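Sharing a structure here in structure tokens format.
Order as written gives the chain letters A, B and C; numbering starts at 1 within each chain.
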Amino acid sequence: MKNFKLKYVIVAAAIILAGIFPFITGEYYRHLGILTLMYAVLALSWDFAARAELVSFAHTGFFGLGAYTSALTFLKLGFPLYLSFAAAVLLTIVVAIALGYLTLRLSGIYFAIATLAFSEVLLVVALQLPNVTGGAMGISVPSLFGGMRVYSYCLILGILALAVVVSIYLERSHYHLAFSAMRTSPGAASVLGVNTVRYRLASFTLSAIFSCLAGAFYVHYTTTTIPYEAFSLTIGVASMVMAVLGGLYSTAGPVLGAIVLKIIEEYMRVTIPYGYMIIYGLILVAGILFLPKGLVGVQKKWKFLK
Amino acid sequence: MSAGQLFGQALINGILISGIYALAASGLALAFGVVKFLNLAHGEFLMLAAYLGIFLFSSYGLDPLLMTPVVFTLFFILGAVYYKTLVKPVLKAGELNQLLLTFGISIFLQNLALILFGGTIRTISVPYRTHTISFWGINFGTARLLILLLSIVLLVGLYQVLQRTRVGRSIRAVSQEPEGAALVGIDSEAVYLIALGIAVGFASVAGMMLSIIFHAEPMVGFNFTLKGLAVVVMAGLGNVYGVIWASLILGISESFIGVYLPNGTGWSGAIFFLMILGGLIIRHSRVSEV
Amino acid sequence: MEILKIENLKKRFGGVKAVDGLSFSVREGEILGIIGPNGAGKSTLFNLLCGLMPLDAGRITFSGEDITSLSPHKRCHMGIGRTFQICQPFKELTVLDNVAIAAVFGNSKTVRPWVVKKYSEEILEKVGLSIKKDLYPAHLTTPDLKLLEIARALATSPKLLLLDEVMAGLLPGECDRILKLIRCINREGITVILVEHVMRVVRELCERVIVMNYGQKLCEGCYEDVAGDKRVIEAYLGREETGAQ
């Protein structure tokens, strides 16, 4: 019983800390906090797809799609901020369903390759249509909330909170049974009545929506982006590695992974300015070989948090 | 240059480049077909070999093309070690883990190269780099021609090995019917090792070629993984034999798009990805989930 | 009345004709036995019936409706339940959750969330697994895994139950327990197709038996007729000879 309470104490402390963080720190840490939260959204969104046994490289594509759609509707069509976000989400849903419809019939490896191709095609399109997207020069938008980082922090915290709520709902409702069954044996799941295609499509779309939101937030927050950044594979890589490091198929895992990895990355960036991404490769390899359940899994082995 | 010559030049350029694609892709196809393992780090071996080629030439004046037998042997061993240490542990662990692991290795090697060699593009000038032979007003780069010939020799060699030798028959048996092969006493472990050795060895030869006609930089390998995937997907995953024509299609269509579309070199990147998407969707639907 | 009718069903894998022009129908309420040597195509037939594999040719009618191209979950909702020859428990879920998932997703009428637990427990009670409901499949014995397969199928409230070698590898006493269970399931009005190698079970349960060989129907009839048929004996012996080579 005592252990049971400790878990809630930790969660409560984390929430309070996340809430007061921007008010007790300076600009640099605020900025770092914002990026960490954004990556937590991405990692969680990657996990949404992973729960349906989908290794997706499309997150890079949806992140960039979100960034560009939101920035362009804001700039060229004069949409207010929230509408530009909504437009990005709407387009993402359409694209995700279309892409999912085409690719979800493919089994694991083929799906991964197809999503990789999708992200790269979007990159080329962004580069090759300079009249619309600004081409390699990229796009600039006015800074979010007039550069007030506290507000930006609240916005991205809100998006993360939404993702967490969705994630917890998926974990607690009967859907988690369906996902877990599909991972073990999709055939058995489908003859027991699980509409596997629909759940794959749903989790893929859901995960696309949150990558898109992260991208839309990113472009307004940093005020400028170029195709090589918004459609950088690094984004997909980071979300994947954070989820694997923290622990797949959980809510706390990806969030924890994002925090830990962002801290490590920040440290590495100072020591090795070029090639700090090496840590992502190392963690991915080590995580797969030695930590199949991620940090959350380690934590479960230490009985006290159970 | 006449329209006909332009067309001919584009065609020849496409054919000349497709040799490297075929070499890079056949390794990927071999690993996938035999070991049922998709190696997303395949291109990084190519990249490492390209750096090695540049190092050999600039430090010791050794011609990369002449060094291919040595490099192939070296990378064959590297491939075998790679199999033993990293591939084998995840072979039974499911597709998701394989993809993530090899992708992790790919990121690791890219950034290792970035740390060791920096992000700058490196080239060397072998004496014949800019030499060309002309027929009917169409230029054949001597280096590219040599490379295409070497690719053909290697690929034909691979097919002969697969068709005629004991090892080759074992490899084909394991790729077609793993259980049956085990029943007739074929050591699948050894076959996997050899297949991955050859795959990595071929990647290294393609890398040496890159060092002559192209360049080395940390990301060059991943590009070839992606192009290799496009070829392999078009040929049918795991189909070593379809690789040649698929490489030709890729090389020629890239070359034509580069020549005839406005700002075409930029679009050629999208083309091979559309080939992947199209090829996958047409070819491989989820048939059975049992 | 016919509950299931298949006409000229065909399925090949490369050069192997796993199911080759098979036709038969099943009466509502009966227990139909399907026997045949290994590789005869029995499991493939089940895969075609529940929609896990697309078929090459033929037609499947269930309760008067053409279900030939329906996806597996829809067939499940219509009332086709099955077990797998090689048990496929969801290893991340407890025994109770393994059944609950079938209860939640497998019924055409939604089972309300708050009754799922009770509903699943009742089914586990029926097959005799209630005391193990909180265990994970990794801790179950072979007979228990088979019972779990049956329990999951039952939780989808099937009208037709396809049982693929549920007795394989069990001791005689364990067989009797499952035999009684199948009889009890059938009395409740569930039609059963039973693929089985244990002949005693086929004899005791099935009114009608179909013998398959090389994907085709070799013969059909009551157990005594079929067991005495020369062709059937040859089919089994013939396979054994080739197997011994």
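By our rule, a residue touches a chain if its C-beta (ideal position, glycine included) is under 8 Å from a C-beta of that chain, and two chains touch if they have at least 3 such contacts.
Owing to the predicted nature of the structure, the values given are computational and were not obtained by experimental measurement.
By the count of C-beta pairs in contact, the leading chain pair is A-B. Taking the mean of each chain's C-alpha atoms as its centre, the chain lying closest to the overall protein C-alpha centroid is A. Chain A and chain B have CA centres that are 32 Å apart. Per-chain CA centroids place chain B at a distance of 47 Å from chain C.
As a whole-number value, the distance joining the C-alpha centres of chain A and chain C reads 43 Å. The residues of chain C that reach two or more other chains are 52, listed in rising order. Residue positions of chain B touching 2 or more other chains, listed in rising order: 288-290.
Counting only residues that touch two or more partner chains, chain A has 187, 190, 196.
Of all the residues in chain C, the ones that touch chain A in their complex are 50-52, 71-73, 75-77, 80-82, 84, 88-93, 97, 100-102, 104-107, 113, 116, 152-153, 155-156.
Listing the residues of chain B that touch chain A in their complex gives 38, 86, 89-90, 93, 95-97, 99-101, 103-112, 114-115, 118-119, 226, 229-230, 233, 237, 263, 266-267, 269-270, 273-274, 276-277, 280-281, 284-286, 288-290. Interface of chain A with chain C (complex): residues 174, 177-178, 180-181, 183-185, 187-197.
Those residues of chain A that touch chain B in the shared complex are 50, 53, 55, 102-110, 112-114, 116-118, 120-121, 123-125, 127-128, 186-187, 190, 196, 237, 240-241, 244, 272, 274-278, 280-285, 287-289, 292.
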